[in-house]
Amino acid sequence: MTGQHTPAGATASHATASDVTLRVNGKPYTLTVDHRRTLLDLLREDLDLPGAKKGCDHGQCGACTVLLGGRRVNSCLLLAVSLDGCDVTTVEGLSGDGEELHPLQRAFQERDAFQCGYCTPGQICSALGMLAEAAAGHPSHVTDPAAPADRPVRLDRPEIRERLSGNLCRCGAYPRIVEAVEDVIP
Amino acid sequence: MKPFAYVRPGSVAEAAEAFAARPGARYLGGGTNLVDLMKLGVEEPGALVDLTRLPLDAVEEVPGGALRVGALVRNSDLAAHPLVRERYPALSQALLAGASGQLRNAATTGGNLLQRTRCPYFQDVSKPCNKRTPGSGCGALEGVNRDHAVLGWSEQCVATHPSDMAVALAALDARVELYGASGVRTVEAAEFHRLPGEQPQRDTVLRPGELITGVLLPAATAGLPSRYRKARDRASYAFALASVAAVLQVTDGVVEHAGIAFGALAHRPWRARRAEEALLGAAPTAAAFERAVDLELSAARPLRDNAYKVPLARALALDVLTRLAPPAATA
Amino acid sequence: MADTTTAPPSAPERREGPLKVTGSARYAAEHPSPGRLFARPVPATVARGRVTGVDVRAALETPGVVTVLTHENAPRLGEGDDPTLAVLQDDRVPHRGWFVALVVAETPEAARAGAAAVRVDCAEEPHDVILIPGHPSAYVPEEANAGHPGLRRHGDPDRALTSAAVAVDVRYRVPPLHNHPMEPHASSAHWDGERLTVHTSSQGTTVVRAVLAGLFGLPRERISVLAEHVGGGFGSKGTPRPDVVLATMASVVTRRPVTVVLPRRFLPQVVGHRAPTLHRVRLGAGRDGRLTGLVHEVATHTSRVKEFVEQAAVPSRVMYAAPNSLTVHRVVPLDVPTPSWMRAPGEAPGMYALESAMDELAGALGMDPVELRIVNEPRTEPDSGRPFSSRHLVDCLREGARRFGWDGRDPRPRSRAEGPLLIGTGVAAATYPVLVQPSTAVAHALPDGTFLVEINATDIGTGARTVLAGIAADALGVPPERVRAEVGRSDLPPASLAGGSSGTASWGWAVHEACVGLAGRLSGHAGPLPAEGLTARSDTRGKADAESPYARHAFGAVFAEVAVDTVTGEIRVRRLLGVYAAGRILNARTARSQFTGGLTMGLGMALTEGSTVDAAFGDFAERDLAAYHVPVHADVPDIEAHWIEEDDPHLNPMGSKGIGEIGIVGTPAALGNAVHHATGVRFRELPLTPDRVLRGLTEAGAH
């Protein structure tokens, strides 16, 4: 998200659509997008990648969570036009080209960490982003404020729960999701 | 949402020019509230001026011991910054008490300050709201107002400001750095947001076209004991019912500095200046805290559904102040 | 006794799981086809009135908008049983949020912009939306939901209560609640002039097809309705909702595929909600704790569109032996959105009231609440006099008490503190009826040695494919890996909906019968199978719906421990444990998830979830997921779900009872009772949010 890009700027100032180039799950895509199009709708409608789900469309449920430059975000609140040059990973991009599931996907399956499955891609992407944040020493609301800033945070259950609280699950699979995440903590 | 133009300026000056050149323009930061409001039809920008790639994403020490936070520093990065955690723990705590991991990764420092109220009448374009449509009336005044203001409201508007971060900034004597047509200026964080009065449509003292370039955390409160505490309807991912940020310096058994601000009680983070004055020079005893907090909250005027906020805010403030005071003092 | 530790149970894993964890499972709005349009409904913005004019000019000029449907130009629908589906048929606005137009556009963005541009003028009429005790329009309905009588009386309850040695007379209040499945209601319809193909998020597409056939005057054979994956429903997708009617209408008009996804904020107004219930419970008992009188009176609301009565007094007809009783519902029609099913309608709010009152009675008697329930164990179902096919509530209570460590509990309220936290424990019983519906199934033996079972069951997250394949494998005597189960399409053999915790029993019965028939044919068949394989069919009509001489219910016991913060009034659940007697558990892995999910929703009902009817505007004040607080990860502790192995020959060939709903029942009372034990304050209105708790503590002088 850093670096200077040529502004869509003065020459195209009245246009309501622009060209953007994105890498999604490692593949480059160039599309002309309506400025109103969110990343979520771009994934679902333009790229036919329905893994990121539309649960609320307002950043209140987490079902649309994807990784943007490796960081977890709500794709429903990001305008695609603003993401030119960015790198996006969705749940479809986690297992690689082979048939093998990502270890976290496998853990969700083994732990029965879902029922209806609608929140699941968001839970999985969120958990992966969360693991990276903890490894980088990012604190959470329940981290001891005196914990050293430069060390990974040890993820006990209260930590996992707090950090995944941006992902609602109406089927109530929370205890199993926490176990699945614990299964992949290095 | 109507179609809109989009521009991505390369500098702060270009951003201000682009904004001025386009009627109905809005600045775009993390978008976590603006895009939400555009979908609701509350915001209908003619153009978005995307600030996210401007070089305002650093946290840096400035001579004299202050900390300058770029307006585009993401909430999660600010909360995790070692200097913030060490020197301004209330700020880190406030950020981490807000929203979700995903939202904090996108939301910016400037955008957090500029987020709008979550009043349901403001968010619903089919209902009256003087903030959204001046002169249309206030749906909340006689409506469901459990989440609304108890301090500083007017007949025009009883909305609260939803930010956690801004409450900590107010208590910590932070300043907001602005850039606009008349140049650069800074405003006290505690004075950046307004009370509704007769102009509830204006949340802040920002002038037209002005943009936030950063926040200055002063040397004066660096390293002082500070805390943030929030009460909410569920354990995480919920706006505050009430919150408090406080910084307290006790020297030789008396309060030498106190900064106290309440969240979710008013149209802006409520800097508790009367309470602070009452504490200055006093011994930090439980009785002194109670006297000071009660003095501040005596101005509260609860609505039909939100009288609970007064005792809740009181309890939160006493808890935070007691924990900040040296153990011997309150025993 | 089934034990569940942190290790996953050994039962088969969910068959559709790999699709769900990779994002390849497609839900109703995720079936793109060339030329697909997106439609967005426009809700009414008055609480009651008539549409006097719809100005669609600006909407039609919006780039990308194809057409706008209103009551003036929408296709006329045939007569249907459900008046909530009569959308765009006339000018009446029965409640705020009722759909008055539909904007059909090339993109979701254009549909949204078009909807914002539609101008609807209404003649507003005075409205009444607030349920109050003693509302002048209240009446006792002949029947409440699920066909239960509105009123039942035995003996002389008033006299029994007056003369009781110990009595409680208490009132409870449960607010409106919203189902909010994670997948909003969505449908994609394509009418090509010959056939109608619909993907919809529904708990049962057999019903959807029948309803669409009636509304659009089409023979069922020309309609296919598919619901391969459904993102939850919890009752709100039990029957068709307006999305599927609107999508079909728009496709009929445009002859193009049309997708309608209801915005989250619209759901509270148009997909049903749990109606608020006001309870008055009076219990009279002897000093020995035996109930002499039980009165449970419920007031609730319905809309003016149709009558739906939350049967919240019904569990009081099932639970305890009381020779004198009155259970009655009074319903008030208001200008509110139409209520409907939400997980355990009746039992969830009703057992909150009854089981809280039992706890209050235990306190008045100075008796252990587990023992109070045990001494009131009935020999037959109190209301009907029929014997229970199986009950085992006492076993659930005793086993739960043992696992939870109930013995040695200090019964005195407010007896445990940790700094500013007050700690308490509570218990409540749970019940849910055994429901079963006729269904049909086909089983095939294929030449390659595998088997295929076909039935229009719906997997809303229960694991239907997995469980039905297991039932088939059992009946056929083959490993489950050799059985494939096809579900979720209306062109499969018709079956009942996934509701009333009846799915597995109903579908499983039909699958079992088909497979038993197939096994018989196979045993009489010599040599290799013909190319088309062998097939057997089943239809459980006349059996599944036969009257049973037994009272059939699942039971359970819920134990909870809470910590109440006296500074903020915030409550955190530390432990939540349920023990259930629900017949034979067919898949321990998916069953545990269902129980746990119910317990979690019960936690939300107790602590975080609540909606408010806005007296001024007529809709719900909490319309989105930021304002309506579904529990998040941080609210939910390690939850334990256990069950008693129960052998009940009076149910169905599998010996199973339903398990989808009982988890929510009893949980709010167990938590409320724990909060009382922690604080000494009895809260009688849900949810137990910090404002209420703090007020209660303050009024009790406990703050």
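Read from first to last, the chains carry the letters A, B and C; within each, the first residue is number 1.
Following the convention adopted for this analysis, a contact is a pair of C-beta atoms (placed from the backbone, for glycine too) under 8 Å apart; a residue touches a chain by one contact, two chains touch by 3 or more.
Quantities reported herein were computed from a predicted structural model and do not represent experimental measurements.
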Measuring from the mean of all protein Cα atoms shown, which chain centre lies nearest?
C
Centre to centre, using CA atoms, which chain is the farthest one from chain A?
C
So, what's the distance in Å between the C-alpha centres of chain B and chain A?
27
Length of the line joining the C-alpha centres of chain B and chain C, rounded to whole Å
40
Intercentroid distance (Cα basis), chain C paired with chain A, Å
30
Multi-partner residues of chain B (each touching 2 or more other chains):
1, 3, 39, 235-237
Shared-contact residues (touching 2 or more other chains) in chain A:
34, 36, 57-58, 161-162, 164-167
Interface hub residues of chain C, defined as touching at least two other chains:
109, 113, 626, 631-634
Chain C partner, complex, touching residues on chain B are 1-3, 39, 41, 118, 120, 124-127, 139, 142-144, 146, 231-239, 241, 306, 308-309, 311-312, 315-316, 319
Could you pull out which chain B residues touch chain A in their complex?
1, 3-10, 14, 18, 21-22, 28, 30-32, 35-36, 38-39, 47-48, 50, 52-53, 57, 76, 79-82, 85-86, 89, 92-93, 96-97, 99-103, 105-106, 235-237
Note which residues of chain A are touching chain B in the complex, please.
1-5, 7-10, 12-16, 18, 34-36, 38, 57-59, 62, 65, 71-74, 77-79, 81-82, 126, 129-130, 133, 136-141, 143, 145, 149-150, 161-167
In the complex, the residues of chain C that touch chain A are 6, 8, 13-14, 16-27, 29-30, 32, 107-109, 113, 180-184, 229-232, 234, 261, 263-264, 460-463, 589-590, 592-594, 596-601, 624-626, 630-634, 636-639
For chain C, which residues count as touching chain B in their complex?
43, 45, 63, 109, 112-113, 116, 420, 567-570, 572, 607-608, 612, 614-617, 621-623, 626-627, 629, 631-635, 689-692, 694-695, 698, 703
